[in-house]
Amino acid sequence: MMEHVGASLIYLLDPFVLAFAGIYAVMALGLNVQWGYTGQFNIGVAGFFAAGAYTSAILTTAPTDNHLGGFALPIVIGLAGAVVVSGLLALLIGLITIRLREDYLAIATIGLAEIIRLTLKNEDWLSNGTRGVFAIPHPFQGMPADERNLAYFVLVAVVVVGLYLLLERARRAPWGRALRALRERESAALAAGKNVDRFRLEAFVLGSAVMGLGGGLYAHFAGFISPEVFEPMFGTFIIWVMLIVGGAGNGKGAILGAFVIWWLYTFTTGLISLAPVKYATQLGALRVMLVGAVLIAILLWRPDGLLPESRDVGGKRK
Amino acid sequence: MLTDILQLLIYGILLGSVIALSAVGVSLIFGILRFAHFAHGDLMTAGAYFALFFMTATGASIWLAFPFAVLAAILVALAFDRVVYRRLRRTRPVILLIASIGVAFILRNAVLVIWGPDITVYESGIKPPMRFLGLRIKEDQLIIIIGTVLLVILLSLFLQRTRMGKAMRAMADDPDLARITGIDTDRVILWTWVIGAGLAAAGGVFLALDTRLQPTLGWDILLAIFAATILGGIGKPYGAIAGAMVVGISAELGAGLPGVFGADWSLTSYKPAITFLLMVAMLLWRPQGLVGGRA
Amino acid sequence: MPATVAAAGRAPLLAVHSLVKSFGGIRAVDGASLEIPAGSITGLIGPNGAGKSTLFGMVAGFLKPDSGTVLLDGADVTGLPPHRLFARGLVRTFQIPATFDRMTVRDNLMVVPAGQSGESVWRAWVQWGRVQTEDAAIRARADEVLAFLSLDHVCEEYAGNLSGGQKKLLELGRTMMTEPRLVLLDEPGAGVNPTLMAKLREHIRTLNRERGYTICIVEHDMDLIASLCDQVIVMAEGKVLARGSMDEVRANAEVRAAYLGGVRDSST
Amino acid sequence: MTLLAAEKLRGGYGGADILNGTTLRVGASEIVVIVGPNGAGKSTALKALVGLVSLREGRIIFGDEEVTGLRADQLAARKLCYVPQEKNVFASLTVQENLEMGAFLRRDDFSARMEQIFDLFPVLKERRRQAAGTMSGGQRQMVAIGRALMLEPRLLLLDEPTAGLSPKFTEMIFTKIVEINTMGVAVLMVEQNARDALAIAHRGYVLVMGQNRFEDTGPALAANPEVAHMFLGG
């Protein structure tokens, strides 16, 4: 038993696990722009996640009859495409829904994510349907598995740090200040002359574009994507839990939350490997229940998350 | 062609019935507790599986299992209210909404843990549908429609004739005034869960009877339930029923009509999208609902 | 009333013509017309339900009028959204202070200035230096305003933690972060204690005299209105009932009746 | 005999004090009116009595019990009933259902009381099956008052019962208030319509800036030129 726990703990530092945690951190950073900065209730994260993943995959895979493309473009172009496509999708959706109040926006966005998933599931010409897109190129294809994962983790880590710095700067800038203002009180933001709709739309598009980038990173790491990956649990819900546990409004919190939750989730995988195989699905479900319980516990006892939003913006000279 | 359209209408009413039973609860919870209850679909699922549990444990028929399922779902809802929702009532409604998503995942995965991922049915064997003027309807489907009508009548009697039912409508109208008037709001909330969860379980059993049991049974229909609630106007139980019929019928017609008119393509796999677009249009055009409720 | 005389020669800064707004069949504003001369302080008074707040909301772009026009400096601005009106120099405050609660007092003010280049996320990334220089200037200005309002000691406090009176001052401070031409103050004195009230009165006067703001005040405190306003406009039942100096409207029988009730037997 | 005594109330919304030492007393069979200029804190005072505004200072005695800080529903159980100015009916419920909800706290048979209220407001009987939300402002006010009367209150708090009503309805509401008073219910009301309200009141208070400025019999206050002056300041 103990050595299994030990093995699980070591497993947590496996680059494979860390890389996934980092990809989730990207998604959580994107969601933080929407919910943390702006108070937008987007529970259709999976839709932008999927849009990014499929875009990058279709742009970079070798030509095939299975789905649209592939266009065999470099991975960098694929990732850029992921950002652009998910951003454009967000712009389109945002233009329609941006004025909805938070609970209605929630219902609307989850519906849109489901439509995107249905489309990917049913339109074989585009996405190869439920069979999914495979043989997505990995940037470090030639390396042995361990090194490849490590290299990818380093790549993801660079992206996470870079994104954090960019988004933190945006938050500290008057842009972020205006977003917080409209989050706190829309009427007063209007009276302060802010074009509230424009700021909302920008935050929605930026956040979703970041999620798209996360999707692209996911596709090239996993090498295979199918509509199942983007079901609400792993496409949306777990990212929300990460952000809320870590601390909405705080970029460091979003990253911390992503690692804590992903570790918790994978740590339990290690323990579950002890159990007979025939119970695997059930035990997997048990882990999801645990994630749900963590969310509720945080809401009840630490509603601002592990690292609450800092208030020093503009208030202190730097 | 007319027969085909009528046939689609029957399917629409069938779907609408199942949606209606849950939408009433969502609408009352939205009106009284002021949040969109995302765990409602999974409450349906739990209800459907409770019935299965009772049947396998006792060998009883689905109709004996039915009240058991309703009761069990009510207890589950009350437990979650006590442990989770009640403690969050003083915070913003959106926090309750997030919590309800957590509850949804806990419920759904509890079903997975207990009953496993496999698709099952209450009773195996294929029953031929009854035929009437060229229309096909299965016995179970007829029972579902009749059952829904009976439950709606019971609900209506409860809401119109009983003290608690009237108090529930009053509180959905104006929670602050209800409090000032001396209405026992804690008891109204308790009864809201009883009614909401009970009807959700009934809807879940009906849905499982018409299709099959699987852990995402209720979740898959949640959007349609929200669409019906919004269409009917938040806090308006009768509006929710009407909204459910609109959603059910338009989903089936939208999915089936192209085929009836000889198209070689079909929108069947996009049924959820049809209800969804209906709802978004509604949110943008008339957020207070077709018959007027709280915006 | 020298200010009235001085203002009378100029074209009105704000002109409202036959504005109408109904809510569910009730006409909150029922054909109100009024003018506010540039450089004046105008008081807008009337019993509860007279339609003052609704009129305010329409002028500031928060409510769309059913009919009628709003002219700001001669230009038709009817139905423009608040941020467009703000760009034309119209600023409003709220009766119940609308502060950004989970932001510091200083940040509450720093939000306001228009055209900050750092409001573009792209510039925040590529021109961080310029954004910071600009922000330093805005911060200095915010600190000036806070000192003027004696709020400097709470500048790093969350606005949500201020007292009601301090929030009222912060609302006023928001109007000082820009160069407004017309400031609409919605009950600036409600819930403010007498000491703070005296200060508030001085601030409003200074803003008018020294900075040249044209000000329109909705207020129930008649002493505040009487001591500050060049002209007073009285509304009742959605219409403008009277206009003149405070003494004139006080002497007006219809106005007295509107305030005291029993309108119909006021002639006896 | 004093039924309600509220001493030196101080409090308001979000940190700003609206009430600055307001004191109110109502005798067991009195009609008492609170008048004063807008923003004087009249409605806030009523809300403070029923716990809808938090008090920083002051205490409230009702009957022989201290009720400071009790909620509106707890006060309703003690037969102190409050009728808000707006949103005072359940719009989708019928007139009769509204009255039934007023009696929610009663476990006994209240049909006699309902008949009494129908006698008081015959139009409510005619329209007992109509949804309250579809009625005119004056009729809604009757529903709201009727609902509060269902508990057989000892004291009825009315917040601007004639606001927005036509002169005909205003007069009729005031007549009904006198009638309610003769049924043995004390009334404390806030009114904009100062002259008419003072005419039916036993006593009145003039509130200015959350403080008592004048207190006298109704007719005396109505005739007091200084009071008239209060409304427009100066």
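As written, the chain order gives the labels A, B, C and D, with residue 1 at the start of each chain.
In the analysis below, a residue touches a chain if its C-beta (ideal position, glycine included) is under 8 Å from a C-beta of that chain, and two chains touch if they have at least 3 such contacts.
Just so it is clear, the structure is predicted and the values come from calculations on it, not from any experiment.
A.B. asks: Tell me, which chains sit next to both chain A and chain D?
C.D. replies: Where chain A and chain D share a partner, that partner set is B, C.
A.B. asks: Considering only mean CA positions as chain centres, point out the chain farthest from chain A.
C.D. replies: D
A.B. asks: For chain B and chain C, what's the span in angstrom between their mean Cα positions?
C.D. replies: Comparing mean C-alpha positions, chain C is 49 Å from chain B.
A.B. asks: Using mean CA coordinates as chain centres, what's the gap between chain C and chain D in Å?
C.D. replies: That gives a centre separation of 33 Å.
A.B. asks: With centres defined as the mean C-alpha position, give me the chain A-chain C separation in Å.
C.D. replies: The separation of the two C-alpha centroids amounts to 44 Å.
A.B. asks: So, with touch as defined above, which chain pairs make the list?
C.D. replies: In this structure, the chains touch in these pairs: A-B, A-C, B-D, C-D.
A.B. asks: For the complex, which residues does chain A have touching chain C?
C.D. replies: So the residues of chain A in touch with chain C come to 166, 169-170, 173-175, 177-178, 180-181, 184-185, 187-196, 202, 206, 309, 311, 313-317.
A.B. asks: Please give the residue numbers of chain A that touch chain B in the complex, ascending.
C.D. replies: Residues in contact with chain B: 41, 43, 96-97, 100, 102-104, 106-108, 110-112, 114-115, 118, 121-122, 232-233, 237, 240-241, 244, 281-286, 288-289, 291-293, 295-296, 299-300, 303.
A.B. asks: Would you pull the chain C residues touching chain A in the complex into a rising list?
C.D. replies: 60-62, 81-83, 86-87, 91-94, 98-104, 106-108, 110-112, 114, 116-121, 124-125, 128, 131, 135, 138-139, 155-156, 158, 174, 178
A.B. asks: Please name which positions on chain D make contact with chain C in the complex.
C.D. replies: 12-18, 37-40, 160, 163-164, 167, 191-197, 209, 228, 231-234
A.B. asks: Using the touch rule from the top, collect the residues of chain B that touch chain D in their complex.
C.D. replies: It comes out as residues 163, 166-167, 169-170, 173-174, 176-184, 236.
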